[in-house]
Amino acid sequence: MLIVMKNDATEGQVQAVIREIQKMGYRGVPMPGAIRTAVCIIGNKGPVDATQLLSLEGVREAIPVTKPYKLVSRETHPESSVISVGDVKIGGGEPVIIAGPCAVESEEQALTIATLVKEHGARVFRGGAFKPRTSPYSFQGLGEKGLKILQKVRRETGLLIATEAIDSESLSLVAGYADIVQIGARNMQNYSLLRLAGQLNKPVLLKRGLAATIDEWLMAAEYIMSEGNTRVILCERGIRTFSDNTRNTLDLSAIPSIREASHLPIIVDPSHAAGRRDYVIPLSRGAIAVGADGLLIEVHHDPAHALSDGMQSLYPQQFAELMDEIGRLKQFL
Amino acid sequence: MLIVMKNDATEGQVQAVIREIQKMGYRGVPMPGAIRTAVCIIGNKGPVDATQLLSLEGVREAIPVTKPYKLVSRETHPESSVISVGDVKIGGGEPVIIAGPCAVESEEQALTIATLVKEHGARVFRGGAFKPRTSPYSFQGLGEKGLKILQKVRRETGLLIATEAIDSESLSLVAGYADIVQIGARNMQNYSLLRLAGQLNKPVLLKRGLAATIDEWLMAAEYIMSEGNTRVILCERGIRTFSDNTRNTLDLSAIPSIREASHLPIIVDPSHAAGRRDYVIPLSRGAIAVGADGLLIEVHHDPAHALSDGMQSLYPQQFAELMDEIGRLKQFL
Amino acid sequence: MLIVMKNDATEGQVQAVIREIQKMGYRGVPMPGAIRTAVCIIGNKGPVDATQLLSLEGVREAIPVTKPYKLVSRETHPESSVISVGDVKIGGGEPVIIAGPCAVESEEQALTIATLVKEHGARVFRGGAFKPRTSPYSFQGLGEKGLKILQKVRRETGLLIATEAIDSESLSLVAGYADIVQIGARNMQNYSLLRLAGQLNKPVLLKRGLAATIDEWLMAAEYIMSEGNTRVILCERGIRTFSDNTRNTLDLSAIPSIREASHLPIIVDPSHAAGRRDYVIPLSRGAIAVGADGLLIEVHHDPAHALSDGMQSLYPQQFAELMDEIGRLKQFL
Amino acid sequence: MLIVMKNDATEGQVQAVIREIQKMGYRGVPMPGAIRTAVCIIGNKGPVDATQLLSLEGVREAIPVTKPYKLVSRETHPESSVISVGDVKIGGGEPVIIAGPCAVESEEQALTIATLVKEHGARVFRGGAFKPRTSPYSFQGLGEKGLKILQKVRRETGLLIATEAIDSESLSLVAGYADIVQIGARNMQNYSLLRLAGQLNKPVLLKRGLAATIDEWLMAAEYIMSEGNTRVILCERGIRTFSDNTRNTLDLSAIPSIREASHLPIIVDPSHAAGRRDYVIPLSRGAIAVGADGLLIEVHHDPAHALSDGMQSLYPQQFAELMDEIGRLKQFL
């Protein structure tokens, strides 16, 4: 149930609605919009009788919400959300390019790649300090040392920083260094981690799980939003299918599906989906043309010697070509 | 094994190579290219000793072909094939739009829609006269009566005609009326039908099976080509996955995969993949931006009363919008 | 719509119902059961008004059939069907073992394997004379020569013969030699072939398509039954999934699903599903324990030299072990 | 690399090997077997030169391990592991039945169901106190209160307790109450949780992820074992596929695959795979016949009023029937 306030409703009227919802045994979460505020009722198991709420001052209408998710739903929030991070706006029409290596390997490596991606127009630098790896014997990332390198990258290049947290410990650390906190595909249903991410004052980049439906993905985003963090960016990165020409099957239909169901922005990671650098440029063009709000791209100055997943990292000249193509394609949009 | 002839090899020299291959117990299929001809050896189970062939006049080199397919392979035919149908060229750089209803319902319906799609720039009209239907109790198409209607559409509008054959009987009929013969996803591994299609003097539009890998799809095309028909157009139409936001999951990574492995053109059918008309425009933009050679689009002047699959047919105004967007997007490419 | 006749309805009364249905513009198919007959109405697109039919003599009731399939449905035919082939009954409680090589290679090979499988208790011999092969360059079977070998196997061993038809031509031939006509997974939605199989007076073994849902599979069976052939045996043979430990994922839950939805018997082919001979025995035990009516097993006297798919053929001693285990397991059931 | 000790090697010789491995910069983990001990080398990225190790006393041979997992591998530990929990042995030939409700709802509910499952022969009681739920608004379990109820169940019935941990906080709590700690499918690649579970002195029941290959599943088990906890029980619970007749597709071929690759026991959860109680008995029979070491079964005394997933919980009389069938089936094995 969504209680929509009148355009000129006061903050006091909104608070009165929230108090009344609490008296009914539920929780009221205010959702400020550009024109007016709505209050979402959370915690009800069945239908809610809104008669009492509708009689309060400043209340315009009560909208039953039929989808299992509420806060992420376009039904409750018809305007597309624009997530601001520093001076970058994700979802604001201009595709945002987040680029960098799979893993932070050293200060020199990170700065070399960051300088390169900045030069070609990327606004956000990505690089993992904590890596969720299939094998316990693989390189697991530099940890906090990697975060300090990322901090230096921001200081020296002015790029914003996106990096992954894989558990509660790394989340606390990452939140202290990153501008955008990434939750990876394998953790998409790690609900405890999602709740903690929901308590941060940082945007969260939530990757789609390998076997997640659109509804499950949005429910994961709902976990974050239900804790109060409204800055969630979704990221399609391929799903697991029988098809073996790519590592995962990039599902670009996720873009119109998310647009339809949710107000949250969605970006696309063609590097992890394809697992092959030669497919990254065409799939990036496709993602932008379908309507993605941005791209997450893996780049390395020396892929052959990358510590992880070098197979899918773009060479510098490929990244330059990608940025050039996206630049031209933007004029079409 | 591929026997590559010298640039100035004569037809007589090519024939001599073919005769020698026959003496070895195999079959030699000439593959003329823009610059030179190659002869593909078919029928060998293991490695072929090419010593004798290399000693013939006009022979430049012998290339072992490691992939399970030969004739469709880019290894054997490095230049991309351009399929000419009437004055339309598929694979020639300009995306070709094939549009029309799922099924031919009546002369009036077909002419109405054909006029509409032609007006907006489509070059080929599609419409099924033989429909492979999941249920034996569903409308199975008008049969030859439908083909005669398609003939009239061509006469009156000048559009080329693409329509589906579902078995040997309908194939004979369709071949007499259509400009492009379509083999549907469910028949992608109907090898007898593929062989018969390989004996036609008409281009064949071969849809990817719902559970077909890229290699299996190319092997199906190889069946057609091994009978002598070199004009095969591939069509990605979505694969079956767990994801339920669309009817099938459109796999746009098939485009770079086909480009890499084969010289054949590839078009995309977003209508059947999505199963929802609202996703057709964004997915069409994506397909063209990734590099598809064309689109297969379902349009109906009155989707609500379409005899089949109305849910995914574009409304006329949506088709106009699609053509407009593709027109603008082409300038970027 | 199903018109259920009274227990003592005469043949004349059944015919009168069929004639009345024809007058209504539909088709009536009689379905004799152990206790009473039902007449299934086919060809209606919407609801049928049964008032007139209910007034006929011998009619007990009219049952609307909500599932998209009718003749295969347990709703219309509550008792499980038992398919008799010679003196073998499939679906009669005793699991039937159909065994033999992937392909008939020679008379000697076929007779050697047939003698072997008979000795261990198999009742039906399988072996392909027409092979649907992914590659046009693979061994495609001996054709009619293979069928003649199978005829000799029957004459010399008394085993019944099951073999595959892949198109209308091979279907005519196979129908003249085989006791059970197999339609393979790749042809499960080759509707023309299904219709032709529906006109045979031979039981049809219909394999599940690699990407077929239970409903689509039953609809394929409905195609056969709607032409009048009621002797359809379903065969689960694995579906295509992301999981790569077996060639396909054997879906044993298909057994209770088919039992629930249909009266048709269901057997299991663990050889093609697993693609590895070492898994065939445990999966066979599982299939029988879940409730399969039989097994389709690949056996070869010399798998290392089999012309096709030797990897999954059981060695003779493995087949002996399998038959021994199934024999003991039957006592449990 | 695995250093296999002689049968009569002393503990001191084993320790000397471990010290030598440490000097080489790696880690040596002793793996005691029934006959002899092996030492597994962990932490190497490439091949290890074992010359020095082979010269030590008590060393029999060095075996290169090619699979990405080591400790879970049957290559390193040819005998099947038997996991002892109280007086129950999992993997010891006798199938172990773990049964109970999806969630602990109240003391009365838990005791009622526990009494029931014990009466019919279950040895372990299951019930969730922490529930990973797709929606943040669903019942998330009673938490520690639920664990105290489970403690009472053990005290009053003598049943062992299996219950799920979903994060580091619940893991600490669960470890204090449970006999077996369950890691759910959604957390199969929550590597931080796996590492913590590897530090417990409790057996861990590790469910297969919805989209996990056999190799990824074993790598997850390797995470647990690499921290020192050797008591890992694997649980197949269905994978995500296109097939919609069951909630997930139960992959019984996982049993022979795990047997081949690993020494760890494997049990099967047919309740979550099927999502429908009527399929649980046949699939349980199948799992045991294929060779599962046990079953995880959902039972409720009143499924219609279960707090979660009542649809798949067996009724008491169905559970009685299941136990009866498994009892008879065991005689076959």
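As written, the chain order gives the labels A, B, C and D, with residue 1 at the start of each chain.
Note that contacts are C-beta pairs under 8 Å (C-beta built on N, C-alpha and C of every residue); 3 or more make two chains touch, one makes a residue touch a chain.
The structure displayed is predicted, hence computed values, not measured ones.
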Equivalent interface to A-D, taken from B-C, C-D or A-C so that over half of the residue contact pairs match: B-C
Between the pairs B-D and A-B, the one where more C-beta pairs touch: A-B
Where chain A and chain B are represented by their mean Cα positions, the distance between them in whole Å: 38
Chain centre separation (chain B, chain C; CA means) in Å: 33
Centroid distance [mean C-alpha coordinates] between chain D and chain B, Å: 50
Residues of chain D engaged with two or more neighbouring chains: 211, 240-242
Residue ranges of chain C touching chain B (in the complex, touch as defined): 42-45, 68-70, 132-137, 166-170, 186-187, 189-193, 195, 209-211, 216, 219, 222-223, 226, 240
Residues of chain A defined as touching chain C within the complex: 240-242
Contacting residues of chain D [partner chain C, same complex]: 211, 213-214, 239, 241-246, 249-257, 260, 273-274, 278-279, 282-283, 285-291, 328-329, 331-332
